[in-house]
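Going by the order they are written in, the chains are A, B and C; count residues from 1 in each one.
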Amino acid sequence: MSAWIERTAAEQAAALASGEVTSVELVQAHLDQIAATNGDLNAFLHVDASGALEQAAASDARRAAGEPLHELDGVPIAIKDVLATEGLPTTAGSKILEGWIPPYDGTVTARIKAAGLPILGKTNMDEFAMGSSNENSAYGAVRNPWNLDRIPGGSGGGSAAAVAAFQAPLAIGSDTGGSIRQPGAMTGTVGVKPTYGSVSRYGVIALANSLDQLGPCTRTVLDAALLQELIGGHDPMDSTSVPNPVEGLVAAAREGAAGDLSGLRVGVVKELQGDAWSADVVERFDESVSVLKDLGADVVEVSLPSFVHAMAAYYLILPAECSSNLAKFDAMRYGLRVTPEGSPSAEDVMRVSRDAGFGDEVKRRIIIGTYALSSGYYDAYYGQAQKIRTLIIDDFKRAFESVDVLVSPTAPSTAWPIGEKADDPLAMYLQDLATIPANLAGVPGISIPSGVSSADGLPTGIQFLAPVLEDARLYRVGAALEAALLDKWGGPIGPSSYTSKEA
Amino acid sequence: MPELSRDEVRHLADLARIDLSDAELDHLAPQLNVILESVASIQGVAGDDVVPTSHPIPMTNVFREDVVRPSLTPEQALSGAPEAEDDKFSVPRILGDEQ
Amino acid sequence: MADTLIDFDEVVATYDPALGLEVHVELNTNTKMFCGCPTTFGGEPNTQVCPTCLGLPGAMPVVNAKAVEAAIRIGLALNCDIAEWCRFARKNYFYPDMPKNFQTSQYDEPICFEGYLDVDVEGETFRVEIERAHMEEDTGKSTHIGGATGRIQGADHSLVDYNRAGIPLIEIVTKPILGAGEKAPLVARAYVAQLRDLIVALGVSDARMDQGSIRADVNLSLSPKGSGVLGTRTETKNVNSLRSVERAVRFEMSRHAAVLDAGGSILQETRHFHEADGTTSSGRPKSDAEDYRYFPEPDLVPVAPSREWVEELRGTLPENPTAKRARLQEEWGFSDLEMRDTVGAGALSLVEETVAAGASPQSARKWWLSDLARRANDAGVELAEVGVTPEQVAGVQRLVDAKTINDKLARQVFDGLIAGEGTPEEIVAARGLAVVSDDGALSAAVDKAIETNPDVADKIRDGKVAAAGALIGAVMKEMRGQADAGRVRELILEKLA
């Protein structure tokens, strides 16, 4: 029998239901793993051991009392530090928010608490979710459990690494241009960016409001479906929340796991192939595509020509929105206040505090955004980027007339060495080539492991995209491919050195 | 594509209330120009006939009823304040005018 | 340094003024523009704040439906078009009393646009064209510590209360008002006064200029007479009474003219109005470098009022002000002059409410336009804010009609009302103000007056009834005013018949 921490969330839930284990035992096992491994990984910024154990005990008491329980009641979870958690520090990976403890819960936090999942703590991230490597965290880089010298992806490297290293079976991520999916690919885990507006953003420290979306980080497709159904649904506190819940995700995952994809039309994106994609990633991708064919899917190539402009549009829209969002961090009401010598004015204190509290990438994006919104440049930059967005949405609509889902590698390469691209913003931005279009168009996307690179032994990911509100399609095709690949591999792939010491 | 001069970068940082040091300007200005050059490619891609999209899922008229909800307590409101006095946020002297 | 001024008559002989008014109306919704915090005035500091209006990381706005409704009703009452589709936008600038360092407002897509308001100025109708009315949120309030008299200049630090942050505002912007000439100060005042009356009639705001629930910014420029070229304008901020609106325009016209006459040029800037001496002083320069970097608020979706909703709201509008004035004049039997004075004094709705509370139109007009108008003027407040309500005025008049008090005693009752001493009846009782109707005491006083004024008494006996006034005065003095003059006259005539 493998240790509890290596079980999937669904298995842990089943064991709780059957009385095989208690929530306190599960939480303690994960806390032990965190204690043993977080020194190396730096995946958690804050661990709430006593709070999690208290919530676990309450869950066990509810179960003993025979109260009606959510399916995941008692299964522990980790939350990316971008989401407000009342009473727990929330920093978004930035020095400017060091020590800030929100007096309120974000909607997803509240839903997690209401469903009874003990919260293990807050996971590390690139500062304000700006980055693809987690090196931009003010609290130190997260290390990839597969190889401690490699990045875990970003911005949600903490959540992905925590799930990969069995520190938590479930974690919340946020995806603005790939921050759930790309770390999933880098760490051999599953990451889903749901349809825009289908999971509440209330309480999410905004990076780019029109792109941000919370989603699940897990080790299996079914676990992701369980978590997305838990956190999703309409929220009156979020004006951009879609009115109807995205449903049928768990059912789609179970259906997909049966392995029949006959009749499913899969489009390989022409624009997400070529020299930018490393051979080892493409090798695993091609292999997965042929598995899809074996499962009965019709695979064709489709072209979405405006994708070539996606990155440029993204790196104008995002900085513009974030330059305005981050203005609130001004040392007046909360957060870091640095007071220079003499008799400084509020303006001086704002300037100095923001210089001291923000890292380089944040400053770069604020300045670019300020420029893009300036009156003389608005039309040429922000206005034009919004039009590109329309073209990309049109491309998706056209493509989904002929196929049910689109597919591409999640990221152009496997995890690179820490430091390699740290001061080369453009090289870093190129890592999000495949993930950005989904955010611009609001469509859902999933990344699942496609295997291990023949070149460096690190995991690779494959991404599926579906039309808006059709998240269930991702779960069906994802679960089918996952089941077939597990079969082929003879079990899950994982960072062997991070399996439980008690196993 | 116009190149951002050091002074322009300083002006933008000023608008954004970031006190960049000379060393930071030296470091960031060239990077900003590389980034701007790479995003400049979109200029002229979409014509006047293309409607800009500001929101990926089109919705309108999302309103709230005019019903009072509980506010925070002053203790909660001020819990993160760098300085507070008399249940108010204490801020350094403000330059310029009253709003 | 004191500004050099030019005599107003000379100004209008040489220059054409162009006026522009931006009026902020604070709505009286229960909750704020984008969150459920209450909007009550005067709460303890930071008790009416939540993550959204405090700008806490992660919080999000949701639009108050009632505020949109109020915006549309204001727009319709101002004869505006209502947008089929419009958005909120962020106006980005840093200021410590603005929690997010951007104001959620509307930019190039206001909810109401292209309207007008016809205002009466000394019997003439003047059409003020409205450019737009849009929705936005208020800022917090700072108290400045350590400087002189709470001023921002020289303060050591400031304390911020965010209770006001996020209260819904409707900003109503006129097009340049041209051709007002010498009447420009009066037009400005009449526009704000009648806009306020309209807002009161709509019931969408407390409309208290003294509490800042209506705030006016006055734009003014001069151009050489007949040139038709708009001059450089100044914007005088937060002018907080009708009288100040008029004075601010008058002052700025004289100041501009002095600068221009001396060959100088007007600096485009904001200016501050000083109630004490009616002057303005220089604020911050409005340079083109001020770049608010507006963009559509990505946390909100567009507002697209259906035509059905707009028509439904049109059905809730109060009577058109011009038609209403005509109707009331007819109902009240006022002369043109009486009506014009009533409107000019900003007393129309006060008189209307006083009449509704039971007073005759003439008595209501009399109190509001004489005694109470004088008190308001002395106190430097608006008539509506003089401290007496229309119901109380009607109550006082009821006592006069019942001959419990006379007009002179009524003035003392108003003193008591303003001092908060209770109802008119309570004040009469507490102050012992009731007129003496006891004929015994009156009769004695009349006898005494006849006795001490035999010459006057003889005249009356001879039929010179008009001479009775002197005796009435003597009796009233004896009774310390607490007598019904009519009854005194009757007694004198009886005794001297």
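As a working rule, a residue touches a chain if its C-beta (ideal position, glycine included) is under 8 Å from a C-beta of that chain, and two chains touch if they have at least 3 such contacts.
Note that this is a predicted model, so its numbers are computed, not measured.
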item: Farthest-lying chain, centroid of Cα atoms versus that of chain A; value: C
item: Comparison of A-C and B-C by number of C-beta pairs in contact, larger one; value: B-C
item: Separation of mean Cα positions, chain B and chain A [Å, integer]; value: 24
item: Between chain C and chain A, distance of the C-alpha-averaged centres to the nearest whole Å; value: 56
item: Geometric centre distance via CA averages, chain C-chain B, whole Å; value: 38
item: Of all residues in chain A, the ones touching two or more other chains; value: 100, 103-104, 210, 236, 239-240, 323, 327, 330, 332-334, 346-347, 350, 370, 374
item: Sites on chain C at which at least two other chains make contact; value: 50-51, 54, 62-63, 94, 96, 158, 160, 291, 293, 298, 300-301
item: Touching two or more other chains - residue numbers and ranges from chain B; value: 15, 17, 54-55, 59, 62, 64, 72, 77, 89, 91-94
item: Complex interface listing, chain B residues touching chain C; value: 15, 17, 54-55, 59-74, 77-78, 85-94, 96-99
item: Interface residues, chain A side, partner chain B - complex; value: 100-101, 103-104, 195-197, 210, 236, 239-240, 242-243, 309, 311-313, 315-316, 323, 327, 330-337, 339, 343-352, 354-355, 358, 360, 363-364, 366-368, 370-371, 374, 380-381, 383-391, 393, 423, 425-426, 429, 440-442, 468
item: Contact set on chain B toward chain A in their complex; value: 4, 9, 12-21, 24, 27-28, 31-32, 34-36, 38-46, 50-57, 59, 62, 64, 72, 76-77, 79-83, 89, 91-95
item: Residue ranges of chain C in contact with chain A within the complex; value: 50-51, 54-63, 90, 92, 94, 96, 99-102, 158, 160, 291, 293-295, 298-301
item: Chain B partner contacts - residues on chain C that touch it in the complex; value: 29-31, 35-38, 44-51, 54, 62-68, 85, 87, 94-98, 139, 142-144, 146, 152, 155-162, 237-238, 270, 272, 283-284, 291, 293, 296, 298, 300-305
